[in-house]
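Chain naming follows the written order as A, B, C and D, and within any one chain the residues start at number 1.
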């Protein structure tokens, strides 16, 4: 069952990369969402899949009775999701600020830090 | 050329200046006396070796080796240094930056002394580079002139590049020998000569020496270095720094010398340099520049003679080093006096100064005679020895002899030009009020000139004490040298007479020769100086081109490059590893699992196909739900809930933002991008392959087991994921909270309406538009 | 903005969600939930409130500035490490105190771990809301 | 022990939180930040001394045994990196008091600065792969905030590129870490040392190595992944650039060194080949890029790249001398590069611009500034007897020892080209007269500002000089550190005593 998920990850990565390569920063942002979700799935798959048995220990037991899903990747994903949220939200704010200050979200037209040679060269 | 005149009203000398000038005088004087006291011991006993450990890890010691060769050079550096410092003190009196000048000169002296006394390859190199730095600062001393800055840069770059070659050579040499210590290195001739790396080492060391000693084709920096104040020229560019290359080759002679490559290269490069520089010298009308070119001539001759196995040739070289240092320093200082007193050093503007500057004239004449090689000056002995040596050079005696005669003849002409022309003839109107320089200025050149005369009259004073031991040290075997004024009538004397005749002729025909040379120069496409500019320009343009293509400022191309690199390297890694057997594991999935994956799949595809952001957001939402379901189905309810919440929150945020990006969709290139698609697919594929490769290895995780067993008894929690988050790996969680917090404050800082311009504090950053 | 009914309903809903978030926080150590999830749920409540009413209202309902809330949360988490210091343990060592333990059941646990989780809850809530408010208000 | 190793990040986090809380009261925030930096410096010095005395030290967070809980480790490499972080942190904090404007302070500069230091120190001290990711993120988000703080147009533009490319790196890193776990079942670096050696899946090892090289390579600004650096390093206030230049890329290099000495098997030639090629191209590309620039900070930014090449070169050559050279180079470079950027800021204050065509005259009016620049710049160019020379010497010797002659040649050529750029700055900003007036002299500043600007510069230049004249202790230290890296048995034994190395 991992293989199917790997395929899904492949598609997500490809789609994410394709979107990120657009000049539109909003597209970049969408690509980023795809890619970070893909990354979370990578962790999930790499920790191996276990169907429908969450890593919970029943009351009164000292340890799980049956094999449960791997908890550590889940914890890693949780951390990564929240971190990802912070980064994505910041990026969104940055896009908004760019639009407000530079009047565009087309990254091809953002040439202030590295002006094209005509005006910037000596 | 520029002149520098600092006469007239002088500000009182400050304390700093006094201290520096005192140090500058006391230091070389002390060193000179100390070295003089070592002459006897060094001659009679073995070389003196002393020092301290510096960097034992790298085999670098701060140690010194004093034998005949280093003693001779050390005395030159400190002795001439003392008189130059004395001269400079008067010459630059009142200059606003004189303290810095003294500091640089002091630094240079230190470097030069360390260089010639160093007993370790790396230590030698350290001092070698100190002289480079100090000379850079001194050449650029008149820093407000563009020409001085250019000359300084040129000298720096050429000598530094040579220095790097030298460093490589020294490191290789040390590697072969197994030590950087000179005592061991100098004794390892056979080992080094038979090593496969001998030739590379030789080439690298020669590049170092040739750049420092201004040999063709690296010669042009030296005349340009005349942008430095005249005392500097007198010291660095005649008596000391340029001799560093000579010293290096003499020092390396016992270990690197003697091979055919050594002899031939030194002969040819030296001879060609001497001849060409002599011709170039004839063109100059600036006195200082003419002298500068004759320095190149002298260096060429020295290099030429070091390419010999005959002791007389080496003796000739050693003697000539002394001769040259004395007369050249004296003449430079004379030119400085002329410049200082008249405000010009242009040959055509000068004349008849003999009556106004009688002492200077006498000094100039004495030094000039020594330079021209007239008896009874030391120059004569040097020249006779040179011819004897030239004839003794086994490989190319005729060639070398002719080159020596030719170069010397032109030196005679230039000696006459520099030492006599300005003092003869009619005194121009403008120079009527010129007066003799104060003693502080002429005492130093006088001593230099007198030394040339004294040693010429009594050559025995230096034969056994300085020259002999130096030759011994250079050759690595016991040699005795006898210096005499009169050798009887022999071939060298005949050559001497020929030289004088030719020299007189060249002096007489100088204006015509100059015109001719200028015509040729105009006709030549470029000289090495303009080639330098062109080369530098080409490099700059190349650099600009490189940077324009790599650092072009287009974000999507940056990203494309990164992704391309990643996927290509992943493929390469896969190939290098020999691939893996793909055991694809298509276990049956349930319908709901299929549905969840299909949702993700569809969401991704719609997101790339759609052109309206809102649709994209919705499809991403769908994808998010799909992922959450996958998490849920495979035993991760915590993750599923979080995923759902975060995805929803974020997409709501994006959707709400959209109205503030009204033209969000109106961007260029919205059509299908084939190359990008190709790249995207390859990244997707390679990443998937990586995961598949990882999945081939069965996962054995003691961590998983531990967490499951420890959660309840030790951490008192039944939700293992949560126990990991808040207990087992609480630090991760804490860090993650910090990230989100910073993101929030950072976004707030980014989006907050511009604050009222606050009180400017320090400097405020302006925009760069 | 929206209808009065919706607004009224939201007010109730938000209160319920907030309550639910606290529940999720408390049960997190033993069942799905925890500081993260609870914090996100709580922030969802405020977002909902802001959508139904207005941003200002939501801000006012929160009482403290979200950044301050987040910082307090983070400091609370950090503070949970301090008791360990007093007992000579490394940072983030969980210390447990069971009140009224009995046979089989250890009693009501009070622990630095819970404190840590509460800190996470507040920090996530504060940070998410801060992000939301700044991006939206502007 | 646990607290000692955790304080390098706990203290800046606490200071940072308080400073953020007090950001509306800049004076208080500034004091908090400065005190925090002093405290941090004291802590890292203590750690450094203890590591020298006792060797590698480790601690378990939450008192959970390794490899299950998160481990903090300080071996010699970590200790020296921490020391440098503390030093740079303090120096730049002092400088920032003069150079960062009030507006940015109100927006939270001091807080972000502290949290950046927390991320950096956390990365150096952690012994856990996923925890490393977390610290990378702390550092990254703080650097985002610092970079765009103030929101000028050029800052936003540079910020976008910085953010966009660094997020890609982050995602690659996250994937790679997930997969490393999937391959070995552990995240503990020491445990990974044994676990990865037992992996029988070369394809997975190779591809994970690539992913990590790409992820860390972006952070470290390796060719051809460095675009974000020249695009952004000249846009924020110079204090920010200085701390970025001193520490950020170096964390990437540190991660590379850790990964390919400790985690991956030592005989993994593929990674070393890859790193060698990248290192050489980085050295050349960076220095050539610098030659084409005419702006003070842009030149320095490109040189950062070039010098990253040197740092990675030592790792790629993988001999004791080479690794020791890398570490020595790291120390030298962090000190000299930070200093140069601080000087560029002061130079701008004195002359009004970063553009070399528009400034000049500093040599005459500010001899102290000129001397400090000259020493730092020539050290960077590898001139003896300054620190850069010994660093270069070690790396060049190491490549010659391995008969990698062309590697040595490229290293030396890079040195010459570095000299070209450094002398360009010297010639234009210092020697050349100011084209439109006069440069101000340092004495025209208030005493406070002069101290704030020059104290860090003098401190750093003293280190450069000291390391140049007396390099032996540090070289010896670096040799021991390199030995530790090449034979991690001691590291593993300290973290996992039960396994005995």
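FYI, contacts are C-beta pairs under 8 Å (C-beta built on N, C-alpha and C of every residue); 3 or more make two chains touch, one makes a residue touch a chain.
The structure presented is a predicted model; accordingly, all values stated were derived computationally and were not measured.
Q: Considering only mean CA positions as chain centres, point out the chain farthest from chain D.
A: C
Q: If you average the CA atoms of chain A and of chain B, how many Å lie between those two points?
A: 48
Q: If you average the Cα atoms of chain B and of chain D to get two centres, how far apart are those centres in Å?
A: 26
Q: Can you check how far apart chain B and chain C are, centre to centre, with Cα atoms defining each centre and the answer in Å?
A: Whole-Å distance between the two chain centres: 62.
Q: Provide the C-alpha centroid distance between chain C and chain D, rounded to the nearest whole angstrom.
A: Whole-Å distance between the two chain centres: 37.
Q: Where does chain C touch two or more other chains at once, residue-wise?
A: Counting only residues that touch two or more other chains, chain C contributes 30-32, 36, 67, 71, 74, 78, 91-92, 94, 124, 127-128, 131, 134-135, 138.
Q: At which residue positions does chain A touch at least two other chains?
A: 20, 38, 42, 44-48, 54, 56, 59, 72, 76, 78-79, 82-83, 85-87, 89-90, 92-97, 107, 110-114
Q: Which residues does chain B have that touch at least 2 chains other than itself?
A: Within chain B, residues 544, 548, 551, 553, 555, 559, 563, 637-638, 642, 646, 649, 653, 657, 687, 691, 694-695, 699, 701, 703-704, 707, 718-719, 721, 725, 727, 729-733, 736-747, 750-752, 768-769 contact more than one other chain.
Q: Just say which it is for the chain contacts: an open line, a closed ring, a star, complete, or other.
A: Drawn as a graph, the chains make a fully connected set, so complete.
Q: Show me the residue ranges of chain B that touch chain C in the complex, using the header's touch definition.
A: Interface residues on the chain B side: 637-638, 641-642, 645-646, 648-649, 652-653, 656-657, 715-719, 721-723, 725-727, 730-731, 733-734, 737-738, 740-741, 743-745, 747-748, 751-753.
Q: Quick check on the complex: what are the chain A residues that touch chain D?
A: Where chain A meets chain D, its residues are 20, 25, 28, 32, 35-36, 38-39, 42-48, 72-73, 76, 79-80, 83, 86-87, 90-91, 94-95, 97-98, 101-102, 107, 110-114, 122.
Q: Can you tell me which positions in chain D touch chain C when the two form their complex?
A: Chain D residues touching chain C: 1-3, 6, 10, 13-14, 17, 20-21, 59-63.
Q: For a test of understanding, state which residues of chain D touch chain A in their complex under the given definition.
A: Interface residues on chain D, with respect to chain A: 130, 133-134, 137, 140-141, 144-145, 148, 151, 153-161, 163-164, 167-168, 170-171, 174-175, 177-179, 181-183, 187, 230-232, 234-235, 294, 357.
Q: Residue numbers of chain D touching chain B in their complex, please.
A: Touch list, chain D to chain B: 13, 17, 20, 61-62, 64, 67-70, 98-103, 106-108, 111-112, 115, 118, 122, 130-131, 134-135, 137-138, 141-142, 144-145, 148-154, 160-161, 164-165, 168, 172, 175, 179, 181-183, 185-187, 199-211, 213-214, 218, 224-225, 227-228, 230-231, 234-237, 270, 274, 285, 288-289, 291-293, 302, 348-349, 363-364, 367, 378, 383-385, 389-390, 393-394, 396-397, 400-401, 405, 408-409, 412-413, 415-416, 419-420, 423, 427, 430-433, 449, 471-472, 475-476, 479.
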